[in-house]
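You will see two complexes here that share subunit A, one where it goes with subunit B and one where it goes with subunit C.
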Partner chain A sequence: MRDLIIIGSGPAGLTAAITAAEHGLDILVIDEYLKPGGRLLGQLYEEPGGNWWNGIEESRKLSERAGALGLDIRLGVSVHNIEQENGSWLVYTDRETFEAKSLLLATGAAEAPVAIPGWTLPGVMSVGAAQVMTNVHRVKPGQKGVIIGVNVLSSAIAMELHIAGIEVAAIALPKNNRVNGSAAIPTEVMNALLHVSHMAPSAFVKMGSKLMKNEFMKKMGITFYPKNGVRMWDIPVMLRKAVIRIEGTDQVEGVTLATVTADGKVISGTEEVIGCDFVCIAGGLYPLAELAALTGCPFYHIDELGGSVPLHSEDMRTPLDGLYVAGNITGIEGAKVAMSQGKTAALSIAKDLGKDIAEASLSEAIRQISSTRSDAHIQFHQDVEVGRRKLQEYWEQHATGKRNILV
Partner chain B sequence: MTERILDHPVLGALEPDQTVTFTFNGMTYEGRDGEPIAAALLAAGVRTLRHHEESGTPRGIYCNIGHCFECRVEVDGQQGVRACLTPVREGMVINGGGPLPAPVRDWRKNHA
Partner chain C sequence: MTDRDMIVCRCEEVSYGELVDTAGQFACNSRELKLRTRAGMGYCGGRTCRSSVDAIALAAAERDNTQITLKYQPPVRPVHFGDLGAISND
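After this line comes the complex of A and B, so read on.
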């Protein structure tokens, strides 16, 4: 029987596989995508200092190291169930069933939708879909697009579309309704953006530093925010306009925009149609954790981590014997954090399987997760540290038996 | 009409690849060997991959990474295949699904 099965060949899964192989474990990596690298593949941005973080290059480096170690990576294989039986893990896929002593879930994140009439039309896609089409497959998602949802991911991807020569006519808010919540409220979006101003376009940073001073300035900022948006990389970022409908019969032909009040109410009579052939929906990311839910692992909903996450410790163990997690399944963060979590998980697994892992190297790996987090260029949630602390408290409560695990 | 990004200021030139020929709904298309079916079709200007089983309205890719199943098509006779994660190969026969018969609903429409 194998020592370890890793589900997901993103930055977390691949780094874990490399570390585990270096410690002599017998590993199988499974991924349903057609290339290794996960969501790292599509990433492309300039880091402070002028270096480009090129996800395709980074993924290639990881796969080459994995290849040199002779790792068994099965692509195009989907896992649909997992079970623990007689102390080992059974992994059911669309091909065959695999078995191992331990299991690492590194399934990453998924994108939440926003609800807008017309969103099933061909040409409407998640913003990540446009990123992958453009950067990974090198096919334009269209000639001219509109992005619905203003957040860290959508502004990063707008820039990526722009440098690939694809016109983005606007980034605007989604229509305010019962589903879309704070993503449709200009003041809330402005606040969220100001906290990630290091990522936001420079026009925001300049404006932001003035607006951050006090509540009055913030209110003034959104009230007087230019209705036609502030331009970043030549793309109008419209915090006072919302897409109320996507137009088209057989495919996307345009969107209807309307001006909204500072709290997101549509001002009637302001509707206008702009033409486009694709629309991106950016509802934010949440941890993709269904497989962990199948095991009976306890979950906690932590907003700062992007949603419900399986309970785990700093060393990436779950309360279930032989089950580990790493990467965005544990909370939404950038790829470098995912890598450091993958490394930590692999050390914990090797240790639990009886390999000689010094306590010091494990605690150093844990320390590296936090330092990577504080140095991260991309922060999806301003209070991710708070979220991590909450989770650690839940873990300690479980460890001291204050809560019983119901499996 | 969509097109391929042949040159990219950071990622560089698109590497040459083997061209494959496949059919979609009976029409012949060309793609780059091993790219996802959805990418090959989009590069050829095809966005609509299927029509909804019940309503018959058109659908294309949504997530492009295997999560949503909006891109499901029939490939070489196998149904429910995700076009966004399935590599296109020489000679593939791909069909987008359409509305399925709903005899109970239709009977109600005409009789109830």
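After this line comes the complex of A and C, so read on.
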């Protein structure tokens, strides 16, 4: 029987595989996509200091190291169920069933949609789909697009589309309704953006973050925010306009925008139509933890981590024997954090399987997760550290309660 | 098209209006909302509309932080019946 099966060949899964192989474990990596690298593949942006983070290049480096170690990576294979039986883990796929002593779930994140009338028309896609088409498959998603949802991910991808020579006519808010929630409220969106202002090349937002320390200034900031948006990479970022409808009969033909008040109410009479042939919806990311949820592992909803996450310790163990997690399944963060979590998980697994892993190297790996986190260029949630602390408290409560988990 | 006619669950064709009305009438949590309307119970297993159904229910009932709001059931990907337990005849 194999020592370890890793589900997911993103930055977390691949780094874990490399580390585990270096410690002599017998491993199988499974991924349903056709290339290794996960969400790393689509990433492309400039870091402070002028270095470019090129996800295709980073994925290639990881795959080469995995190749040199002779790792068994099965691509195009979907896992549809997992089960613990007689002390080992069974992994059911659309091909065959695999078995191993331990299991690492590194399945990453999923995208949430936004709800706008017309969102089911052909030509509407998630912003991540546009990223994969453009950067991985090198296919233009269309000639001219509109992005709905103003957040870190959508601005990063808008920039990528711009570099690829695809016109983005606007990035605007979704209209206010029960699904779109605070993503439709200008003041809330402005607030969230101020915390990532270091990413925004727009002088307005950069300057804004210094000026707008108090609520009054924030309110003024959004009140005076130019109605036609502030240009970022030549794309108007509209915090005071919302898409109220996606137009088209058989496919996307345009969107209807309207000016909204600071708390997201549509000002009637301000409607205007912009033509476009594709629309990206960006409702944010949440941890893709469906497989963990099938095992009976306890879960906690933590907003700062992007949703419900399986309970786990700093060293990436879950309360279930032989089950580990790493990467975005543990909370929404950048690729470098995912890598450091993958490494830590592999060390814990090797240790639990009786390999000689010094306590010091494990605690150094844990320390590196925190330092990578605090140096991160991309942060999806401003209070991610608060979220990690909450989770750690749940873990400690759980450990002291010694609550048995029935599988 | 208005918000009310907008489809939220594409597999089971459940509209925003139906979800909001049901959530309001029964003050339901996500699970109950799903069972009453079938939103999230179709072919994709709720992969697309899960967060939207959740958001609508959260406006009517409070979240329990220790529960996944909409339960996951295996198989979590569409699979052929044959792949679930085919018995070959040769």
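Everything below uses one rule, namely that the second predicted complex is superposed on the first by the 392 of 407 C-alpha atoms of A that agree within 3 Å, B and C clash if a C-alpha of one lies under 4 Å from a C-alpha of the other, contacts with A are read in each partner's own complex, and residues count from 1 in each chain.
We take it that contacts are C-beta pairs under 8 Å (C-beta built on N, C-alpha and C of every residue); 3 or more make two chains touch, one makes a residue touch a chain.
Predicted, not measured: the structure shown is a model, and the values here were computed from it.
Contacts of A:Ala293 after superposition: subunit C is touched, whereas subunit B is not reached. Legend: residue contacts after superposition of the two complexes on their common chain; A:Ala360 is shown touching neither subunit B nor subunit C.
Shared-chain residue A:Thr120: touches subunit B and subunit C both. Shared-chain residue A:Asn135: touches subunit B; no touch with subunit C. Once the two complexes are laid over each other on the shared chain, residue contacts for A:Ala110 go to subunit B and to subunit C alike. Using the contact criterion defined above for the overlaid structures, shared-chain residue A:Met1 touches neither subunit B nor subunit C, since it reaches no partner. Once both structures are placed on chain A, subunit A residues 32, 78, 110, 120 are touched by subunit B and, in the other complex, by subunit C.
Residue ranges of subunit B in contact with subunit A, taken from their complex: 1-6, 8-11, 14, 34-36, 39, 42-43, 47-49, 52, 57-67, 84-87. Looking at the complex, you find that subunit A touches subunit B at residues 32-34, 39, 44, 52, 54, 56, 76, 78, 110-111, 120-126, 128-130, 132-135, 137-143, 163-165, 250-251, 288. Within the complex, the subunit C residues that touch subunit A are 1-3, 5-8, 10, 16, 20, 47-49, 51-52, 55-56, 59, 63, 65-69, 71-77, 79-80, 83.
Across the complex, subunit A meets subunit C through its residues 32, 78-81, 92, 94-95, 110, 112-113, 115-120, 175, 177-181, 245, 283, 286, 289-291, 293-294, 298-302, 308.
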